[in-house]
Amino acid sequence: MAVYTQTKTYNTKAFMGMIDITQDFQAAVTEAASAKGIRDGIVTGFTTGGVAGLTTLEFEPGMVGTDLKAAMDIFSPYHDETGRVIHYRHHETWHDDNGSSHIKAALLSPFITIPIIDGKIAIGPWQNLTLIECDTRDRVRDVIFQVMGE
Amino acid sequence: MAVYTQTKTYNTKAFMGMIDITQDFQAAVTEAASAKGIRDGIVTGFTTGGVAGLTTLEFEPGMVGTDLKAAMDIFSPYHDETGRVIHYRHHETWHDDNGSSHIKAALLSPFITIPIIDGKIAIGPWQNLTLIECDTRDRVRDVIFQVMGE
Amino acid sequence: MAVYTQTKTYNTKAFMGMIDITQDFQAAVTEAASAKGIRDGIVTGFTTGGVAGLTTLEFEPGMVGTDLKAAMDIFSPYHDETGRVIHYRHHETWHDDNGSSHIKAALLSPFITIPIIDGKIAIGPWQNLTLIECDTRDRVRDVIFQVMGE
């Protein structure tokens, strides 16, 4: 049994910009096999971004570009129908504008754990591991890949 | 320390059909104890279904049959009040009808990790580990149980 | 490789009362280092409360006191605009009033897994690990901290 850690950095786009990081999960697992001999276990991806999330998605243009954001805007909209930024109490604390971002991130959650079987991440064919930027401006985000197993 | 993997297959029902798989989590942990001597650690259940989810629920008829689906339909409805299927951009990619399913699955997430203490999954008395089918037709779904510990 | 388990108990406040338990995650990891020599690995926090959740939040008064609850009340409200408790089918099973609580908890999920690097939980500066009470009355909740690593 061993632990292998890798961190990667991503330039993310504001307002639900999404990046398919499936290959980076697999790359971390492949390197854990080379470096530590890990063939079976789990990998946890964790983004340290306070208003970013990690989930599984089918990474196709409709869901990535439009659908998921539109759905989440129903319970955490950024602006109203006239284009005015909606007030959240969070804005009073920091005089910023990303209260809606914090809500989205809290519901998406910043991590995902995947089984590793014989050196491969055991995901389905339509599951893309996706980093989601919930902030209202472009950001730089780290994802930590923590591989554990034997 | 050791790793023990088990996969089970379920026939799921469309539109938020739910299956209580608590006993299968415990069965995987019990077999991991027999096969590998694992008594303490964690078990991660992961469904490889692209539009399925795993969460904890009290598995009683109201929540399972009606309440959770109704709540999620507020931000990801399948049809409108007249019964017509709502258009998602996802449908343009594949000419299918399950854009709402993808949104539900992304928010539920496909995995859950539970502590194992002295050979038992350490859940509360009202927490049933529940597989949820978000697709618009019945499906067959795998859940991988990955047990790690000592 | 080793496993270290710790459980802490919290008095939670009804209707989305939140407690910042970041320091308790770190304390469990620090004790796992002392007791078992664990410096790198993961920690899973899991609440056994059926209608409680665990997530990451910036723990500031706006988000904690108002914003997240208001957003979640859009898809799982407790009462309507006149103050009357909304009926959920769950209430028919138990003759209680917390159907909305169950929905919130199912979407927040009861656990979070965090990488441990050199004895520290690898979270970002704005990520507070937060226990959220979704029930309609004050409760007492356990959180299990399961530390695994080497």
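Order of writing sets the labels: A, B and C. Residues in every chain begin at 1.
Please note the rule applied: a residue touches a chain if its C-beta (ideal position, glycine included) is under 8 Å from a C-beta of that chain, and two chains touch if they have at least 3 such contacts.
All values derive from a computational prediction rather than experimental measurement.
**Q** When the Cα trace of chain A is superposed on that of chain C, what is the rotation angle, expressed as a multiple of 5 degrees?
**A** An angle of 120 degrees brings one copy onto the other.
**Q** Is it true that over half of the residue numbers where chain B touches chain C are used by both copies, so same, or is it different?
**A** different
**Q** Measuring centre to centre with CA averages, how many angstrom lie between chain B and chain C?
**A** Roughly 19 Å, centre to centre.
**Q** Where in chain A do residues touch two or more of the other chains?
**A** 1, 74-75, 107, 109, 113, 148
**Q** Which residues of chain B touch chain A in their complex?
**A** For chain B paired with chain A, touching residues are 1-3, 5, 44, 46-51, 74-76, 88-94, 99, 102-103, 105-107, 109-111, 113, 142, 144, 146, 148.
**Q** Show which residues of chain B lie in contact with chain C when the two form their complex.
**A** Those residues of chain B that touch chain C are 1, 40-42, 55-58, 60-63, 65-68, 71-72, 74-75, 107-109, 112-117, 122-127, 148-150.
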